[in-house]
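Working notes, beginning with the structure itself.
By written order: A, B, C and D. Residues from 1 in each chain.
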Amino acid sequence: MSDSGTYELIQPFDLEDFRAHNRKKTKALTSKLMSESDAVSRFIKDGDYIGIELYGTVRCPMSITREIIRQRFKRLRMAGQGVLEIDMMAAANCIKALDWTYIGLEVYGVSNSMRRGVESGYIEKVVEWSNAAIAWRFKAAAMGVPFLPTRSMLGTDTFKYSSAKSINCPFTGKKVCLLPALILDTGIIHVNRADKYGNCQIDGISGFAAEMSRASKNLIISAEEIIDTDEIRKAPEKTIIPYYLVDAVVHAPFGSHPGEMVNCYERDEKHLKMYFEAAKSEETVKTYLDKWVYGMKNNEEYLNAIFPK
Amino acid sequence: MQYSPNELLICLAARMMEDNSTAFIGTGIPMLAASLAQKLYSPNLVPVFEFGGTGAILEKLPLAVGDMRTFNKALHASGICDIMETAQRGIIEYGFLGGAQIDCYGNLNSTVIGSQSKPKVRLPGSGGANDVGSHCWKTIILMQHDTRRFMPKIDFVTTPGFLTGPGAREKAGLPKETGPYRVVTTLAVMDFEPKSKRMRLIATNPGVTVGDVVKNTGFELLMAEKIQRNEPPQEKELHALRDEIDKDRLYI
Amino acid sequence: MSDSGTYELIQPFDLEDFRAHNRKKTKALTSKLMSESDAVSRFIKDGDYIGIELYGTVRCPMSITREIIRQRFKRLRMAGQGVLEIDMMAAANCIKALDWTYIGLEVYGVSNSMRRGVESGYIEKVVEWSNAAIAWRFKAAAMGVPFLPTRSMLGTDTFKYSSAKSINCPFTGKKVCLLPALILDTGIIHVNRADKYGNCQIDGISGFAAEMSRASKNLIISAEEIIDTDEIRKAPEKTIIPYYLVDAVVHAPFGSHPGEMVNCYERDEKHLKMYFEAAKSEETVKTYLDKWVYGMKNNEEYLNAIFPK
Amino acid sequence: MQYSPNELLICLAARMMEDNSTAFIGTGIPMLAASLAQKLYSPNLVPVFEFGGTGAILEKLPLAVGDMRTFNKALHASGICDIMETAQRGIIEYGFLGGAQIDCYGNLNSTVIGSQSKPKVRLPGSGGANDVGSHCWKTIILMQHDTRRFMPKIDFVTTPGFLTGPGAREKAGLPKETGPYRVVTTLAVMDFEPKSKRMRLIATNPGVTVGDVVKNTGFELLMAEKIQRNEPPQEKELHALRDEIDKDRLYI
């Protein structure tokens, strides 16, 4: 009565290795402030499995995404719940395999870059999941357990083309889907505020930041604002990501541009439209990337071009 | 008054949203429908957005399921796990879904045209759709109506309808008494006949005949004993939509 | 290779029944303000399985506890992670069965009332768990799933005398403990602030309030302060318990007395010592209860006696 | 200088708390030891309290594992699940445990004397002890030392030590390379011999002979090649404890 999705795990997990890694990470309060370029080159290597936390174009770590493209990774594996950032990485041929839930441009339709990547075979493997399933897979890793049960995905091809399993519940006898833990090599999260050690605050809803941060072996934080640790200690209940999870803290004002950031700025609809228009063909998206990503040395240069003085 | 197919869909969906009920709201038409419903029909509708917003007052139209407007003056702002678990616990009554293909049991495909490993057209994938379709009590499906979409066999079951028919959801382990409730299209409104769990025409849209619906449906459609006629969008609905909710005409 | 704790579940769970119950609860914003007496008589009946959230003597819903004793329940079943409140309920012979993790008086030693209850056989059944296990059992219910896996409890008598099971993980092949969901008939939580509909805020750490509130079929909230819903809507990220989970909201200033309440008041060490002294024997604790519980009509009368004008 | 058995235990435990390490702190002696360590030896010790406080500055002695002092100027205030999952993920280095009975493999009983279903003495139960003993890398056990407590066979295994010996923790499914690290008592300090996983005397307390320790241990105790002597509480330690940390003498 037990059943398995057809795909092997893109990112097999080892809880003992994860524990050993977590043990080695420093628990000292040491500054982790660095540039996008250092954060990406130190904590991502080609072939790694990465995850980016966001909700659509909201709170998306775009300055880090552009740096990943700039460093010309070619074989990344990813958990894909994404819009702009993943379309751009696909356009730049950074991705080889994906745990896929939703990749599209929301109201602007399908992701043509992903279509090209998948339909051409450049992206070699796509495994299906639901949004909650991916979030719960992070949660399993965050809890330090091998799987979490759910009643999602049952009875569908989403299950069949996943790496989930189903069993009969030992307590009720009824069928339940088991979602394997998803431990990231590197997670990337953009937050409202962080101190230099990596204690982070997020305003409003928090998406899957709590779970993904705890599921990451390495964690890159970009923050709109760097605050003093005294501010963190004044309201410790606001810390959603504690410092010991964090490896790099990047000060990235307008780090989610052209997307939006809660309590900071709205979407740059004009720039978004320009990009989505460009993304329709391989040639035009190349022109966009050449200008706005490869053509910029770093995020500061990008921001100076976006907001000319 | 003139109106677009989307405006009609929005109005039909808005009228289905009960006051004091919880409804999972996705990007696009459901957001417009929920805004319209709060304004005209169901001031106490509790919109639930998958990334964490519950009970927002929809003063400005959200553009994404996680933007600030999804938790504007909300009662609760949490995260995706909390919201999806709330659905899994049976708290959320309605869910709205779309798709590229649907079959007579209300199963939906939003993943792929062709085969999953060698796709003809790769679509955006499940997103929250599979979860909404698994856990909400009543899912309302919003679609364009033609034979490329209403198919006898869909290429991929992304989101469960009644699967292979009566009893199949329960057998698969899905929660009891859940499943598709209505299919609202550019041509008509369908429900699912309780015994066979097959799609059944219950109302046609203005200017649409039963024959039009049948002709645009790629499988045998059951017929309700009495087929109703849907009211067209009313002036107050169109006014609210065009002049208040979507002034910038992003969707309509 | 699978294994089971020896005990049957004290509170068997039915996820379908829980879902149906949750569906029926009103989602309308209606006032749930009522007295301790109404909350307890409407939402608890003898034989029910209840849970009380707290950390030791901190944020413990004592005004509700006293009302439960006053209403002379005799056969309650409980999840027991407790100090003062559970000692008092045992002293008043309210309890027949327990999922037990820690019951004691912290620095003041063992709970003599519980010892008398268990050693005499008045408390008929005690099932063992760890603290995290009980919290994760609430979390399973809160997630709407039949169980959660953990690596706690393995290899011990705590497992053997529980109702947990162990299986070999279908992904790793390694042994893992499965904790069954714990759905409460009624949960009781004391918070800093609530509106009349039941939207709740808690200051500082939050113990297991988020999980237990979501694991309760009926939920009684007592609050130090009743605030306007506009205050809730100003900071929705502070809502830890949303209104639709709540059945009763009791305005209970000093509701945790003689325990403490974060940001409100410290422990009344003198009263605590008096109680713990009294709790040493059946006779003296009866005298305490006669005076401070049965002898008080309601919480107002209790507070007037504690803080004479 | 005169000192009490508890003061000695507190000082021995405080000296073991490494700077810049995470340590699970329970009620009583571990709280005093952590406060003392932060003051004298390890200013950057990261205390973790099971109900949610991480990285507090222990300016005032906590009286309960969830009181305000456990998250005083803390870096993070969450809840019990988050903390226990943090331990399960391998983040927490040290845990402190007590118990009514212990055997040669460091298994602990804090549940019951006699049988579980018909107890002679019902004890407070596991609390977080089983979790701490399962997930922390190194557990340090604090106990009074006599033959009623150090027993060949304990009545109930509440918290896992090395269970039945080498390999038993791993076979049971417990995390690799975890287990009891030190047993600190009113008489001595013990570790566990790496191959046999059996308790071994490594140091005696001031005024205590090896013979005293053996006489008060109900099982055969292994002996380190060289047995160290523990330093008595020093003046600065006793001063900090008596005049700053526990001025009201709640514990000492």
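Heads up, the rule we're going with is that contacts are C-beta pairs under 8 Å (C-beta built on N, C-alpha and C of every residue); 3 or more make two chains touch, one makes a residue touch a chain.
Treat the numbers as computed from the prediction; the structure is a model and nothing was measured.
Common neighbours of subunit C and subunit D under the contact rule above are A. Looking at subunit B and subunit D, the chains that touch each of them are A, C. Subunit B and subunit C have CA centres that are 40 Å apart. Mean C-alpha positions place subunit A and subunit C at a centre distance of 38 Å.
Computed centre separation for the pair subunit A/subunit B is 28 angstrom, with centres defined by C-alpha atoms. In subunit A, 15, 143-145, 150-151, 174, 176, 204-206, 236-237 are the positions where the chain touches two or more neighbouring chains simultaneously. For subunit D, the set of residues touching two or more other chains reads 53, 71, 77-78, 81, 88, 135, 175. Across the assembly, chains come into contact as A-B, A-C, A-D, B-C, C-D.
Chain contact summary for the complex, subunit C toward subunit A: residues 2, 13, 15, 143-151, 165, 167, 169-172, 174, 176, 178, 180-181, 203-206, 236-237.
Of all the residues in subunit C, the ones that touch subunit B in their complex are 15-16, 18-23, 26-29, 142-145, 199, 214, 229, 232-234, 236-237, 239, 242-244.
Residue ranges on subunit D touching subunit C, taken from their complex, read 27-28, 49-53, 63-68, 70-71, 77-81, 84, 88, 107, 111, 116-117, 119-131, 134-135, 156-160, 163, 168-169, 171-175, 250-251.
Residues of subunit D that touch subunit A in their complex: 20-22, 44, 46, 53-55, 57, 71, 73-78, 81, 85-91, 93, 135, 137, 175-177. Taken together, the subunit A residues at the contact with subunit B in this complex read 54-59, 81, 100-104, 106-107, 110-111, 114-115, 118-119, 126, 128-133, 135-136, 139, 150-158, 161, 166, 174-177, 204-211, 260, 262-263, 267.
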